[in-house]
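Note that the chains take the letters A, B, C, D, E and F in the order they are written out, and that residue 1 is the start of every chain.
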Amino acid sequence: MHINVWQAILIGFVYFLGINAQPWLTTIGTHVIMRPLVNGTIVGLILGKPVEGCLIGAAINLPFLAWISAGGTVPMDQALAGTLGTALAIASGVKPAAAAALAVPLGLLGTVIWVTHMTVDISFVHMADKAAEQGNVKKINFLNIWPPQLIVFLMSVIPVALAVYFGAEPVAHVINILKGRPMDVLSVIGGVLPALGIAMNLRAMNGKGMIIFFIFGFLLTVYSGLPILVVSAFAAFIGYVYMTLYFKNEPTADQQDKSTD
Amino acid sequence: MVEITRKDLNRSFWRWMFFSHSNYNYERLQSMGVTYALSPILKKLYHNKPDELKEALQRHLQFFNTEPSFGDPILSISIAMEEQKANGQPIPAEMIEGFKTGMMGPLAGVGDTLFQGIIIPILLSFTIPFATEGNIILGPFAYGVLLLGIMLPIAHWLWMKGYYTGRQGILELLHNSLLQKVMMFAQILGAVVIGALTAKFVTVSTPLAIPLGRTSLNVQKKVLDELSLGILPLAVTLATYWMLKKKLKPTTVLLILIVGAAVLGAFGIIKA
Amino acid sequence: MHINVWQAILIGFVYFLGINAQPWLTTIGTHVIMRPLVNGTIVGLILGKPVEGCLIGAAINLPFLAWISAGGTVPMDQALAGTLGTALAIASGVKPAAAAALAVPLGLLGTVIWVTHMTVDISFVHMADKAAEQGNVKKINFLNIWPPQLIVFLMSVIPVALAVYFGAEPVAHVINILKGRPMDVLSVIGGVLPALGIAMNLRAMNGKGMIIFFIFGFLLTVYSGLPILVVSAFAAFIGYVYMTLYFKNEPTADQQDKSTD
Amino acid sequence: MVEITRKDLNRSFWRWMFFSHSNYNYERLQSMGVTYALSPILKKLYHNKPDELKEALQRHLQFFNTEPSFGDPILSISIAMEEQKANGQPIPAEMIEGFKTGMMGPLAGVGDTLFQGIIIPILLSFTIPFATEGNIILGPFAYGVLLLGIMLPIAHWLWMKGYYTGRQGILELLHNSLLQKVMMFAQILGAVVIGALTAKFVTVSTPLAIPLGRTSLNVQKKVLDELSLGILPLAVTLATYWMLKKKLKPTTVLLILIVGAAVLGAFGIIKA
Amino acid sequence: MHINVWQAILIGFVYFLGINAQPWLTTIGTHVIMRPLVNGTIVGLILGKPVEGCLIGAAINLPFLAWISAGGTVPMDQALAGTLGTALAIASGVKPAAAAALAVPLGLLGTVIWVTHMTVDISFVHMADKAAEQGNVKKINFLNIWPPQLIVFLMSVIPVALAVYFGAEPVAHVINILKGRPMDVLSVIGGVLPALGIAMNLRAMNGKGMIIFFIFGFLLTVYSGLPILVVSAFAAFIGYVYMTLYFKNEPTADQQDKSTD
Amino acid sequence: MVEITRKDLNRSFWRWMFFSHSNYNYERLQSMGVTYALSPILKKLYHNKPDELKEALQRHLQFFNTEPSFGDPILSISIAMEEQKANGQPIPAEMIEGFKTGMMGPLAGVGDTLFQGIIIPILLSFTIPFATEGNIILGPFAYGVLLLGIMLPIAHWLWMKGYYTGRQGILELLHNSLLQKVMMFAQILGAVVIGALTAKFVTVSTPLAIPLGRTSLNVQKKVLDELSLGILPLAVTLATYWMLKKKLKPTTVLLILIVGAAVLGAFGIIKA
């Protein structure tokens, strides 16, 4: 399908909003818009295909399940994978699993923008130091928002808009050539990639026992066929019992509550 | 005597929520976000004392970094300290600085684990299954609403709690077994849920068939499924986990997965 | 169907036996006969339709699941709902769920009889006081049984027998008029009422954690489709494990047993 | 010296079991049942002492109330005390009275919870499902047999235990972790079982369908069941529980349920 | 089917290897070959019907599930039941369950061989005592292996080979006569026998609580229909949770590990 | 000074593994196996001291019996003691003898329970189901491989651990909660697994039908299965367990089972 200039620019803007810790409800807002689940859907909306965007975004999101940014590190840029990836996938009519295989590597590219941003911003801090010497609060406030955000804005909107506008056709062409076996291989990759997100999450949880609970969840789901929400209701039950028994000898605010009601 | 009102506190809170990272940088990290958030309060406190205002601004422009939602009481407690200082209490600048740098690490640790490591993955696990069926409401929309509905109230509650109960209140919270209980509960929930996610979304099986005279042995159905359904997805996930444990970088692991899947897929050893 | 005089009187007598804490194996016997599950079946037996009585009695019993009489309070009179309700329902051929909706409110009526009983009985206590002064053991024993029981007997058998005998036809008539939509509404009510018995029971158990176990039981049943006996076998397993772990550090008679066998 | 035999004890026990409530009243509650049950023993103990007999009768005609089965050791221990008193031990009347009024509350509390709050509902939960299929044997009959088979032996065992081990024995029992263990086990069992009961017997669903252009959205199947099967019955039950927790009287709640169901049912918003 | 001399001798040799604690990887090897599951299959292999051997061996093995030899006691000789039983069953074409009913009693017979062995061997100990006085290490070593093993060899290979060679036909004949009702009764017995092995195992585990876990495993399997391996995965989960909570206050090497990784 | 090398230790280990029971007898049990296993080491240690060699041989020809795999560190520790003795340390013969007889009981107890009572039944439970479908690889073969793969490494590890950490190391192991944890875990696993085994392999039901007028009541389907599926197999197994608990000999129980099943089967009261 064809993508027009305005759509391309809007998609670039979605990417801008999804960059790690961007303003407009900083870490909170961006924990939402950064996720391909969300920005993929928005991109789909812009292109008039929200459901496709949702399906593809969800697929791209899985390998980023446990994406953690701590201390300013950004392991991969899922916002780029989500926005650009979804846009190109919709434009060339790829299935979600293959789309994920194609989009995830884009996440590696995006970190360049983040590093540049965090480097350039240093100069504004030094200006702020001077403003502080003069007690110029207004200037500090201005420096915190306008110059750095303008730069990120340009650095994010322009390249993404260009990539979407000019990239859609060639990518669709290449995809067309790949039909058949190569496309199947992409699906295989797409089917395996979610393992990364899950494994990273497991490691982030960091505790031997968690592997046991993880395998339990896996087997319960595989053999019962229950939906995830129901599995998680049972998990909550188990978690509650485990937690209660584990901490039973340590009085908490909670228990004191109990004894008085 | 200058007094900080609830309205002042709220204003600062939202400034912090919106612009903590707008000039995030490698030298001082969130320092400008902090100063931006606190500046209206500093202006009020040191209204007619330009020198003290300057000092305060410089004080908060120093290096600072924490998890913005869970670590925000550090800032509201700093506000309380600045208020007392402005009102003549003998609070040296070093005390405020020391407090900030002392607390930012621990709170970032707990906060990052709780939010990015547990709550967000759980919410994604709940909503992605709906999204893969094209359900936008129970998918991305529900994800966003639930996340904001959980994180914003926590952040706001901590901010207020910080100002009103001070350092002591926050330390108690950190060591209280309630927090530990919540963490343990959430971890178990999360672990089971991503196990379920693995079952639903990691897809890999083998089309191999071992020829046995006239018939042939379907490896997937007759060997692997006999041991356990979904044993390949589980194995792939655990292998990935093991690679990460061996300190391989995520990008390296990503590459290994892509190349591995491509090669095995191309040779028809595995399929989606 | 027609109900004759003797059946009506017998049903009244069943009600007499089912009043809270009546003699003939006082609290123990009446914990049995008081329950609509039981007296409904007996009423059915009297009317020659034991299975109908059983079905209706069971339905009426559910909202009274957690009926607790403590310190002489009687929240509702389930014996009246069970006996009179079942009799009238059988007479007019109502389905169990609708029968429950009609019978439960009768339970409110019955408490009047109980209150009267407990008030009138005071006078016999005063007579007993006098007998005690004279050391007249025989008289005290007589006063404990004959006068008060005669009064309850009349107070319970007569009104219920009358209500059954004269009520059956008009009730059947009204029910006949209600066929269709109104009857459906009664079924809706009957479907919701068991929630009351269950909720009262939950509250009587009194402990936050119990809600968690309750929801677990609900979900397990809904998703496994297992019969209640089997669910309760699993519940017993969980209860055993929980209890053992909870009390593991406190030696009990039980554990001392263990170590010696 | 007069001695109470096992036969005396049993006779008293059955008198209590049968007639504890036959003259139950607002002024003294079970006092006449107590006197009736103890009278043969009092007659025997104070055979030739009419004054002491009178005093004993008056003593036991005082206010008394407890859970008849679980609280019965109070009476058998009183028998033991009367026996010692009759045989010359210096036991003042106040001691017996004090003991009775002191113990009747705690034992009623535990007994009512255990029997009426847990064991009976569990037995009903086991047997009602059979009854709703018209099975009289496994339904009402089994209920009665099981209930008597559980409660009578407990009552009898406690009565004898009370007389022979005395106050100490009963107090030990009350504080022994065995009782606590049984209570906890029974509570968990009960909670799960009534959860199962809710699933089977609270029936409510919605026939609503939201028109969407040419097709329409079945709210029950496409929304509620997606979240959880049986979510309406569960919600109704929890809402009822919540109303009771808010201290609404059961009769009020009953009314709310009836009117609510009637209105929503009449407007076709819910169905059975 | 016909069994030839060499097959009979080989089967006798399998029995020799399967006698309690025989050499060639003593207790370890024989914990393997002693089991009817294993020696039944080997016998099947010798007779050219490995699958039948496997099926029958498995059936015979069940009642010996918890066979424990402690302090040299040998409750029953499962190796004889497994080898001779499988051989005769294959020869007469009996179904596994009936085969088990026939073979298990053979286990009683076999203990004679074991007792003889342990009695005769005493004499070699006395010879070894003398060798020790002379410091003759070589002789002790010889006495430990050759004389006793030769005796067991003869005592085991000969009778079993004879029984297999000459017994096959008569047994097949008898079995043929038993077809119909008597054979059904054998199947009934065979269906009940595994209870013995399981009950012995339960007792060996020795702990009240284990009955609860046992019943749980039974009900879970009966109502879920899951294969044993999957049930045991869930059991492992439960065991892990139970164990962790049970020992949570006692630091172990394991936990110290955890805290440092 | 004579030194025992790793190679010496390994040699002894395998001699023990292979020939511990080759001359097993009622008088001294494993004593000749012990002497056989230790003899190369004794020869080396007391190379030029024929008298001490004789004494050592006689020492180890004394009564000895333990679980060969789990109890093997007793022998490797004895080796360490003999080594020190040979090198002049003041170790009296009684010390070595006392150590052996003191340890052989406890280690046999734990070892027999762990291996024969738990691990072997579990492995059989895993593999027999495959065997009953004729799968030789996942059946008997897997059983053998898994058993050796578990027991041999444990035996070898303990042997080495015994020599190098000595008595202290083994005692610590025995009292360490790790061993208790493993035992508990294995017991629970085992109990559940043999429960599953009962469900799959104890087969008994009743063909009885109670005539009720024109129709008849299928006892299995309408009564027993309503209470619980598989209630007869479970009852038979628990009854067998109960007989064993009542100290009946396994052979007696075997007889009861055979005769009972035969009689009930012949009269058509039960079927397979």
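Keep in mind that, in the parts below, contacts are C-beta pairs under 8 Å (C-beta built on N, C-alpha and C of every residue); 3 or more make two chains touch, one makes a residue touch a chain.
Chains and their UniProt names: A, C, E = PTS Man IIC; B, D, F = PTS Man IID.
It should be emphasised that the depicted structure is a prediction, and the values quoted were computed from it without experimental measurement.
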| message | Among A-D, C-F or A-B, where does the E-F interface recur, judging by over half of the contact pairs matching in residue number? | response | A-B
| task | Pick out whichever of the two, E-F or A-D, is joined by more C-beta pairs in contact. | result | E-F
| query | Which whole number of Å gives the spacing of the CA centres of subunit B and subunit E? | reply | 57
| How many angstrom between the C-alpha centroids of subunit D and subunit C? | 12
| Per-residue multi-chain contacts in subunit A, two or more chains | 207, 213, 215-216, 219-220, 223, 227, 229-230, 233-234, 238, 240, 242, 245-246
| Where subunit D touches two or more other chains at once, by residue number | 226, 228
| query | How about subunit C: which of its residues touch subunit F in the complex? | reply | 227, 229-230, 233
| field | subunit E partner contacts - residues on subunit B that touch it in the complex | value | 226-228
| remark: Listed in rising order, subunit C residues that touch subunit E in their complex are 224, 226, 230, 233-234, 237, 240-241, 244-245, 248, 258
| remark: Per the touch rule above, subunit E residues touching subunit C in the complex are 207-209, 212-213, 215-216, 219-220, 223, 238, 242, 245-246
| request: Within their complex, state which residues of subunit E touch subunit F. | output: 20-29, 31-32, 35, 37-38, 40-41, 50-51, 54-55, 57-59, 61-63, 65-72, 75-76, 96-97, 101, 104-105, 108, 117-122, 124-125, 128-129, 132-135, 137, 140-141, 143-145, 147-149, 181, 184-185, 187-196, 198-205, 207, 210-211, 213-223, 227-229, 231-232, 234-236, 238-240, 242-243, 246-247, 250, 252-254
